[in-house]
Each structure stands twice: as structure tokens, then as C-alpha cells.
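Notes follow once the structure below has been shown.
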């Protein structure tokens, strides 16, 4: 095919431009033994919450078909919610053979004319990356024509996994948006929330508390985000990374370029929510703010504790095994502990060393850190006498075989467990699991089984 | 049973009080060969549209079980819609043996306390009528206690059929409500609508036209009715009976007692709607009003005709057989004729002589007046080459056998065909029937049939 | 299990869902082939009943009335109106059976049904069903007993493969069919009494309501007593077992309160395997549907497990639905029964009340999702909840007779329907909440 | 019949419902027992597909990826990634079959699948399914052809009772089961290829997604060529008939565009009666359900006959649904197809468009009720209509795999569901209008 030469050029280019954050092909996925999404997926997850921007996938339907309108990242944007609007060039044979650049340009025009977005993110995918469509040029030209940012996001799936895509998204925003506009006003307590996607509205569980303290969320990357705000993000006094290791490179660069310090926070559970709010106040370094923050935390914790009373009895003496990935290994564990549930084991299969250390710190020395949870968890349940398994849907069958309660931690992401109020939601869900007879019943022997 | 003696007393009493309008037992229904509702049913149909009054059935669940919340007589009453609220004393063994009067009194108290109605209608049923509960006394006493009218309606089912019940309801209202209050103001153009139940909102199809002309609907019996209004009905200048022969006795008495003249109207179809509005204006006798009425009719007819244009072609040359009861035999026929459909036959099985004459007048001398439609209609369809059968659900099978279109005239009473706009709804429904392939398809032979 | 309030203490029913005993009797007679139910009362009693079932089933309903009027009520002991009715019916449609059932009106008169029936030489079954006693379930059960008592011939033989199935009144026609097919797949022959599965199953028939068009035949009812087993389904029909055993004491009686959900169906299967002597050999489709139900339980448990229910139904129907929902963690916050029944105490609910929809409305904070007849739709609207339609009457939907909730198969579909309804409700709520947040942020 | 717009003329899809060709291939391979579909592309291609089907079916989905990355894409002709994948899969789960299907990425590279496959000695079927061509239907059809072409052994015998059934991709697992049972009740043996009825039918399995857990066996696919008939169902799989006939020219091919509704099912029954030589003797249950469908048609005609529909689906699925609705007078105002197909011209609709949900949104004045995938739910919300869920994907509901719309039985339930949804929608509208009148009268 005539496009082959172009591919090599593109890859060479792509290597020098985007491959810095990537560990290189020595870390390539194993054929026939790989799970998880690609860089495109990661980039979408990172950017889609900008509901005032259009998200145009330049690729075939595999890259978008089932994947639009599925992310429950709500917005308070009063215009049409473009997070829930799917855009794809749906490239055809022709585009593969003759280039899809013209189609891409026309697609951007269609979007700008019909949906008036604040920006257009254009996501490259594997096929146009190989055929060599010059997305940068198209974006630049359309930006000029329409007077709004058209941001190329070079995260075709084959360059790596989700985390890389997330990083690429961060860099695209850094390069094309941040610093392109000045805020109307600034305050001493302006912060950016980085890596908070407002999944199921989790941001809304705590933003009002920050606001009550006079801390202004200048911008978010990207939960309930606004293009106009992220363009002013360089004027924040503090970057707060919310449970998102992959975006450290972004905040580091912002520190280098704009001198913004950063801290890392988690808003799962009472303890971590309190800790995080206080950490923000402390990082902002105002004595009065810190004092007011302590008062607010005390008030919120007292309010929460009162509401948790009916659950305390149900959870007393209950043990849980947690099988989930990354920072959830400790962040959800912390929430469980806040509810009085003992976390006897957690999975650290995909955790970084830092996450492992944190897990050990939260769970104590007797807890089991599972490195191969799929094979380990059944035995761990037996050994510990656990009452509850929190894991992804596949582990449901382990719970059934062991006749213990199960909660899907990835429960279609319909529920928000973040902040103080989210802990109550988690408590209710766990109560429902513990009291649900289905896990014992389903394993009941059929009348014809001996 | 000890109640037997009481029954005779009650029946004797009932005879002198309520049996005037009844043709007596010589006209009794045939055992094992009777269809249709009883007097209680008729009384309910007549009064239930008063949504600001409670309707309490003093009887067992057969008398109410399936029959509440089924009448689609909407109201604009802003309080709780008591038409859609079922009340029944659900008399038990005990009440049969020892009298249900106390229970009835307590039931009224419960209703007044919890639902604050403008009046309570208490419907007698066969069992308490036989056991001799003194409903009049209970009502009188509760009226005094609560300061609102409690109106006894002596229409136990066994005294006769629906029409009788409707008449009994009229007399109860005449005796206990009409004339018990003076209107705040009167106008020269105050009218009562008698027998308009606002089924499916039919009243609302033409009331605004009357209002536009300055004709005030002082009260209705009883569609979208108000107790406060019906109590002032004696001050109207004209009674308008809407398609309800059984209420002539009521308007005659109102003429005797209050000197109110009456006319009879129908609001089905363009011709009759125009005729009726003009008749009201003429009856009110104001030259200016009559002139304005003619202008309004001209305007409405022109507007309607324009909207009917797309239907004209579909209905051109179409013939219909109409099998429905009472005044519908001619009122719906008139509406069909307005649409350009030829009505080749209509049923006069249960029609009065007056209705028969009217049917002949509307349909012309060649039309067939069916006296036994169930057996006649198939042949009539063959003879006339009709394209459409309008009838009750049972006749559907005739249409299928003849492979012609069918419209259920009693179509659950969900659609309003009244007034000018209702004619458009009828047109749409008839169009849908005529174009629906189901009637031919259902009779299609199965593959295994020769 | 549940806290049961057996009496309302109110002097009336407000927004009632209770239906009358004669209505249950009518329905039972409609489960006999070529039968004409004859309601002995005023013409309105039959008319109300006929209108209700016609609208509920979307089918013409065969039902006649003795048309007792005020004069007859005093002068006649029932002889005239019943004899005249039987004559008129017989002349017109020649039924295989006339099913005479009384009403409050004729019971108050005290007509001697048995005496009158003895004077009639056309096939006739009579039953006393005053409407100031009992309700739909008892009317159905009493009629079933009357059918067997008056028609079934005593027998001293046993056909080892024959099972008489007696369903309670709230089973839909398709449910009776599914149940019969299920039992027959284990090698039995089943006769259901009454049998609505072939009469009111929404099939297009030739004749329109001149008589019931399907059901158990009179001949079959006569020959019930050679069955090896009588299986009663639902507490209300439990006594029918004894009625049949009187015709042949060798008949064994097996009772199930319900066959809904995994455990309910397992119990039936266990008995069928044991009784049929098949050991562990079972129809493959049975095993398949059990696996599907297991999966349905898992797929629906999260949604149903967080839902608090209001159930509104007849007692046996309440028990069936509650059993299915409880298996996946559904919380029955409130069950409202039409009438009292011993089964109410067995329902796993926070509260069980013999009451009306006014009671339900008052307690609306206690539940999220409603399952009940079409009246609960308006209730749901008033209290801003959602309702799923079940039970009598349902004027809002078509196809009710073909809705199957029982055994492994129906159980799976039931859970799917309820879980989907609950999720849809919650999504609307979340949508509403988010709109509020949006408005707040904009303001 | 319909006015068809075959090309959108737009440079993009907005709110797309089209799904890709490799996705259809994956699904087809999941209809083969103990198969591991292996998508030859970037890891994301398989991941998006796996997530979609997992959520749609509420089931673990077996699917692997060759995990082509940017370096491999340049250096490898496919040999390394496929051979390595096959080795890894084989070592871990020992499938009966590995189903290699390509994507746009690997097609752009131009990997020589046939050449690579020839080097592999484990059971493997390959198929070229670039995602910049075709869609879900063609991916499914091409894979089915590949299965037969590469696995089925030529044969010169005929088993007169054997029928090979080839369903189109939009048939639910239970629909394939119902169809097989239906045909078998006429005395045939049926092998469905692919067969999702035993793999993705929402049954609780023991192993979790290590391999497909059910479906047609490889041995059965090998021995397809002794069938007397191949029945293709849906225009998209019509060419599969010819593919099979190449293995044995004596096989007769019978094609149906759909078997939905009265006429669609009648056509199948007529053929079965004729072919089976049964004359007019047919299973009693077939006759019963035909009568029920007839009744359902009458019960639903008034509601559906006044409803204007928007249908959103794959072409064959559009044709099936439109046929059912048209029989009772439903007006298909607009049918939006994922891809082009010759069947589109046969759909009785005012307009048929190959397009997206933006097209549907623009024309919202034309329709009342929507039938389509879960994306149409949000569309319905935006344009103040109601949607009934059908087609891929559906993340909103559980139990989708057990939803049956075809033959007499499924046709009846389909009409009930649609009529009830339409009535519910209209009632809400009437309620809303009446509230307005109330407000006006009060003001």
C-alpha cells in the first residue's frame, strides 16, 4: 500500500514528540495475553469530561462505536453536553487510500457550525496515524479559521496503554490550552484539580466544602471542566492531583513552567477526605484558612458519624477482601476502615511500589497484599473468614463459591462513593450486599444434584 | 334472616319516592338474557364527574371493585380529583346482620376529615337497600354535623337499568343541591349544560367558543362540574341538554320550579356543533349575540375545512356501517357525513322513536336502519359494499370476516371526538383504520388451512 | 416473618383494590370449557364484573345474570329467576355447564340454591359467594370446590401418571400453561382445574363470548378422581385437595404456596423427580432455565437489592412475588393485601396490611417501587414513584394473560422486568438531581 | 417501497450507532463452542469490543488481542503477533478454535492472514474484517462464511432431516433457540451457525470468559455439509448459503429476509410443512401461538396504528421490526440504518436513511415512538419522546439476550410491548395536556 513509507515517518516523528513518557517497546503488551484499553481510551477518559468541547475521533467505528455516552461524568455546563455527544470521522476505504485530511477538516467545520463548542479535541487513531494524515496541520488551520482551539491529541491506540493516553492528553492540554488566556480575577486560594473526572459526580461531593472555605477551583482537568477555565490554569496557586499518578508529569511541567506547586489527594472515605481538605489548606499556607478548615472538618465528621450509627452494628466484626487496581487498593480500603470494616487483604497486582507501601501502611502488617488476586482470593477468603469481597464483576463467582457477599467496585460507575456523603452511599451498598441472600442462594444445589 | 321484614318496608318507601320515573316491573330485565349496567352504574356515571365531591358507595366490593378510576372525565378542579378516588363501605357480614348505618356515618366522617370535599354523594346499593339502612337519616345528620351537603342517591342496582339511575341522580341533585345557594353574579347569557359529562374532555372542545361569545356556563351536570356551581343552577337563563334523553325529566322540573327553558343539543361533527351553538344563541334571544355566533361559526368551519383537506381524498367514496346505541346512531353519523363518508346503515336497536326519526332524517331514505345489528350487519356490509364498520369491540370479528376496516366507537373512551377539533381526531382515527392492513391480515388463512 | 395488620380499623375502603367473591367465582367458571357463568343477583353485579374482565383480558367475556330486580327480590325465593335464566341460556347457547354463583343481594334474600339446583336437569354447578364475605381468591376456591364436589365422580382406581393441578386465582393463563407443560415434561399428564390457559389466553376465537371458549372440559372434571396426585398451588386453594380426596381417598395431596423463584421451583422439581421416579434425569430445558434464572438473579441483585417495594395484590400473589424478590435482596417494605389469609404471616416483609391504596399512599416514604394493579399507576404518580403492573384489574396494558412470572423461566423474566424498571426509575431521579445541580451552579 | 438515502453526505458521524466489522466477527466467533476470538489489531480494538459486549450481555466475554503496537506495526508482517498470540492462548486455555479477525490497523499494514494461518497447526479460522469497511452485519456474515469455508468438510451424502440455520447478527440468543426449537418441532434436526443461543444466553456458567461457553461445536461445523437444507435468515447472511453449497452442491438453499410477524412466520411454516412432507399436520403449539398472535394484532392495532415510529438498527433488524409493525398499521416514519444494504429498499417506511442519530434528531417532528439501542434513550429525552430498547448496544437493561421478537410467539410479545409503550407515552402526553388546561382554567 502506498501509505507504508509515510508510516515510518510518522512513527519517527511520533517517537521524538510523544514517546518521552513511554517506556518504549521493551514494555510492549503480550500478544494473546493482554487486557485493558489503549492510549486512545486513556486520552478520551482524560478529556471527555470537558462537556463544552467537542471530541472528534478521527478513525473507524471500532474506536468509538460502543464508547460514547457511556462515561458518567456529569457536567453543570448549561449548553449541550458534548461529553454525551459522539463524533467520529468513520474513515472508509477511500480515506485510507487517499488520506482523510479533507474529511477531517470538513468534520470539524460541521461540528463548529452545528454545536458551537468552546474547543475541538481531535483524537488520532491507529489507521490515520499509519496512513499519515497530518492532523496537526488540519487542526492548526481550522483553529485559525474558526477562532477556537482545535487540539490534536496524538494517542493512537497502538502507542501504548491507557495511562500513556492520559499523559498524552495532559500534554496536549498543556501545549495547546493552558496559558492561552488570563482569568478575569485571581484569588490567593485558586487551585486546579488535576485528574478529577467527576465520575458519577464525585467532585460535587466535596467542591462545595472547598468553596465554603473560600478555596476557589480555578479549573479542573477535567471533571465538570470548562475550556475557558483550563486556559487560565497557569494562574493557580496550587495543583491538586486527585488519585491520578499518570498526571504527575503534567503537574511537574506546570511547576517548571509556571511555578505552581502540587500535592496529591484522595477523597475516598472520611479520613482521607479530611486529610485532603486540610492538606490543601496547609499547602495554601494561610493560618486562618487552616483554622476554618479544621472547624469544617470537625463539623462534617460529626454530621457523618451520626448518620453512620445505624450501619455500625451491621459492619461490626466484618472482614473484607478488596480486589481492585491502582490507588483504589488503598483509597477504598481507607473508606472501608472508616466504616469499621476490617480489610484483611487487598490486591497490589498492578500497583506501583508507592501504592504498595501505602496499602501496607493503611492495612497494617497482618493484611495480605495479593499479587495474583485471581488465584489467591479464594484461599484468602477461607483463611481470613472474610464476609465480603469487593472486586470487579469477574470475581463475583469466587464470592458465590465461598457464599459470601459481593460488591462490584466497578459497579458501572453509577454510584458516587467520594467525599463524606459518598461514604454513606458506600455504606448503604455494602449493607445491601451483606444482607442480600443471593450469593448463598445462587450456589444452592439443584434438586437433581447430589 | 331477620332483615326480611325491613326489605318490604324499604321497597314500599322506595316505590313511592323514586319509582315515578320507572316503567315498573312489567318492564323487568329477562333473567339469563340481559346485558348492561344497573341503576347504580347510571347514577355513578351521572354524578362522578363532580371531582370536588366524594362519591361513597355504600355496598360490597362488587359495586365498586373494578369501577373506580375508570371514567375518563377530566376536571380542571385544582384540588384532589375525587372522581378518581374510590370510596366504598365494603359492607361485611356484620353490617348485613346488624345494619351498616354506623359504619356509613363513620365513613363519611373519615372522608370529610381527610379529603375535605364540597359534598358527599352516598350511593345506596342492593344489600343495604334490602337490609334497610336509613341512608337518608345518616346523610341528613352528617350534613348538619359537617356543614356540607351529604346527598343520598337511592339507586340500588335492582331498581332498574342505567337510564333510571341517571334520572335518580338528577332528582337527587335537584332535591338536595340546586337552589341551595345564590350565584355571586348573574349574566343574561348564563346557561347550564345538562348531561355533558366531559368524557375525554369533550366539554373542553367547545366551552371556550361559548365563552368567547360571552355565554357563561353557570353550571354543568356534571362534566368538569363544581358543587358550588350546581347549587346556583336555578339562576340560569337556559338549560342545554347534551345528548341525554334520560335527563329531560330533570330539565322539565327545573322549568316548572324555576322557569328555565331548555333545548337539546349535540356537539358531534361540524354541522351539529354549529347548529347547537347557534341554537343556544337563538334561545338566549339576543340579536347581537346571534350575529356574533354566526361569524364565529363561519370562522371555525373555515378553519376546520382547511385542516380536513388531506382527509377528503382518503374518505372520498367511502361507505360506513354504524352500529352503536341511542343518540350516537345519528350524532356520530352526522360527524361521519361531515367528513364526506356515506353512512349506509345505522343501528336503531335501542333507540327511541325520536332517535329513529332523527336517524332517518340524517341518513336519508336509502339507508338501512338495523333493528338487530348483530345478525344484520354482515349482510348489510355485503349488500352496500361498505369499507368501514364503526361499532363496539364485539363487532370487530364481523369486520375481519368481511376484511373491511373497523373502528371501535367505544374505544375505551380515550379520544374526544366532540366539537370542531374532535372531528379532526375522528378523521385521523378513521384514516388509521382504513389504512390499517390488520383487518385483512388477521383473516389470512394459516399455511395449514386449505 | 412479617408484622401483619389483619384489620384496617377503618369504616371504609379508600381507593380499594379488593375484588369481590362473585368475581372470583365468575373467573373460575370461565376456566371450564363451554360454560356459562350465571351470576345470581341484580343485573349490575354481572355487568360490573363483565366490564372489568373484558377490559382486563381484552377479550369478550361470557357471563349472564339472573337479573333480580326489586320486585323479584321480595317475591321470589330464587326459583323463578334461576329457572328462567337457565331456560333462556340453554335455549340460546346450549352450554356444557351453567355455573350459578350468588351475590350479596341474593344471599341476603337467603335463596336455597341447593334446592333450586335439584329441580334443574341441565348440567349445573352452584356456589354461594356473597360479596360481603371473602374476596376474589375465596370465590375462585369455593367454585373450584363446588365443581369437584358436584361434578366429579367417585373413583377407586388410580392413574399413576395423572396429576390434578389447582392454581390460585392470580395465576395468569400462560402461567397455568407453563406449569402444566413443565410438569408434563416429567412424564405426567396434567388436568388443571379451573384452566384459564386455553380460555382466556388471548387467542383469537371464532365465537364471541357466547360461551367460555376453552378450559377444562366437564368430562374431565367428572373424571378427576383417578388422579394419583392433586397439586394445589396457593394457600387459598389448599382446601380443594381435601375436596378431591373425598372422591377417592387414594389420591395424594401435595401443596405448594407458590412455585416462584429458585427455591419455589426447586421444591416443585424435587417433588416431581421423586414422584416420577426419574431420579436425577430431567428435561434438559429445565436445567438450562435454572442456569438462566441463576444468572438473572446475579444480574438483577444489585438493582433489586437496593430497592424497597410496595406490593399490592391478592394474598397468594403477594407471597409469590415477595418470594422472588426476596431471593435477590429486594426489601418488601409494605405488602397490601386485599383480604386476610394465613399466608400473610409467611411473607418476608417489613409490614403486611389488609387494606387499601389510601394506606399505601400514607406510607409512601417507606418504598421506592410499586408492583400492583393499574390503580397503583395513579398512586405512583401522586407519590412520585414508579409502578409495574401486576394483578387485577389492569386496564392499561395489553397481553397480560401471556405474562409469565413463575418457574425458572418466568422467574428470570420477572427479575429482569423489575430490575429494569427500578433502574429506569433511579436514572430519572439521578437525571433530576443533576438538573438541580446544574441550576444551582448556573445561579 | 421506501425512499432510501444510501449515503449521508456528511464528513462524520454524530451520535453514531454504527458498529464495526471486527465487532461482528468477534460475536460470530463467540457462537462457536470453546472458541477464543483473537482480534488482530491494537489492544484497544479488542478492549473497546470486549467492554461493549460485556456490558451489553452482562456476561464475561472471551476475546483476545494480538496487541499490535506502533513498533510491531512497522516491523512485523503479522507473523510474530499472531503466532505469539496463538501460542500464548493455546498454552493457557487450549481452545477448540482460535478465530483470528483483522482490524483497520492490520489491514492497513496488509498482513497476509492466509499465509500466516498456513503456518499454524492449532485449529484456527481467519477472516479479513477491516473496520473501515462494512459493519456489524458484514463482520458476522464474513466470519460465518470463513468458518464454513475453512472448517466444513466437503460431503456427498445428504441427511434429509438436517437443516443448517444461519441467523443474522441482530438475533438474540433466545431467538436462535426459539427458531431451532420451532423448526425441530416439524421433525428436523437443526444446527445453527453461529449459535449464540447456548453461549450468550445469560446462563450461569462455571468458567468465566476463559473461552466461549457454548455455541455450535467445531465438530458440528466440520460436518455441516450433509445437511439437506441451509436456511439463511436475513439479507446479510444470504451469501452463506452459497458458501455451504460449495461443500455439497446437493444442499438446497432457502432464504428468508425475516421470520417476524404473521406473514413472516407463515412463510416459514409453509416451507416447513411442504419440506417435511407433513402436509397439514403441525405441532399444536404452533397453531395456538398463531391464534395468540392474531389476537395480539387486534389488541395492539389501535395503539400501534396511530403511532409513527423511528427505527434505529442494523439493516436486517430494521426489516424484521418494520414488518411486524406494518402488519398492524404502524407507520415507519423513519428508519435509520447503520450501513447500506439491499434490504433497505424493501422496508415499508416513509424514509430510510443510512445515517446517525443526528439525522434522527433533526427529523424529530416526523415520529412519536423510537425503537433502537440505548443511545436512543438520550435522544428520546432530548426530543421529548419515548424509546423502546432494541439492538446493540444496550447498557441500560438486563436480560436482553432472552428477549424474543420472532415467530408467532415473539411477534405477539413484541406487539404487546410496543403497544403498551405507545399508550404509556400517550397517557403522559394527555396527562400533561390536562395539567395545562387545569392551569388555564385556574388562571
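For clarity, chains are labelled A, B, C and D in written order, and residue numbers in each chain start from 1.
Keep in mind that, in the parts below, contacts are C-beta pairs under 8 Å (C-beta built on N, C-alpha and C of every residue); 3 or more make two chains touch, one makes a residue touch a chain.
What you are looking at is a predicted structure, and each value in this text was computed from that prediction instead of being measured.
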Furthest chain, CA centroid comparison against subunit C: A
Chain centre separation in whole Å, for subunit B relative to subunit A (CA means): 63
Centroid spacing, where centroids are CA-atom means, of subunit A and subunit D in whole angstrom: 33
Subunit A-subunit C separation of Cα centroids, rounded to whole Å: 52
Sequence positions of subunit C contacting 2 or more other chains: 204, 294, 298
Multi-partner residues of subunit B (each touching 2 or more other chains): 442
Overall pattern in which the protein chains touch one another (line/ring/star/complete/other): other
For the subunit B and subunit D complex, residues of the former touching the latter: 74-78, 201, 204, 396, 400, 408, 411, 414, 428-429, 432-433, 435-438, 441-442, 444, 446-450
Residues of subunit D touching subunit C in the complex: 58-59, 201-205, 288, 291-292, 294-296, 298-300, 303, 381, 396-399, 402, 412-413, 415-417, 419-420, 423-424, 427, 431
List of subunit C residues in touch with subunit B within their complex: 10-16, 18-20, 22-23, 38, 41-52, 54-56, 60, 64-74, 80-82, 84-89, 92, 103-105, 108-110, 130-133, 135, 204, 208-209, 358, 374-375, 378, 392-393, 395
Residue ranges of subunit D touching subunit B (in the complex, touch as defined): 262-263, 266, 269-270, 273, 280-282, 287, 290, 294, 297-298, 301-302, 305-306, 326-329, 430, 434, 437-438, 440-442
Residue ranges of subunit A in contact with subunit D within the complex: 1, 3-4, 7-8, 11, 14, 25, 28-41, 56, 59-70, 84-93, 95-96, 102-104, 106-107, 109-111, 114, 126-127, 129-131, 156-161, 393-394, 397, 412, 442
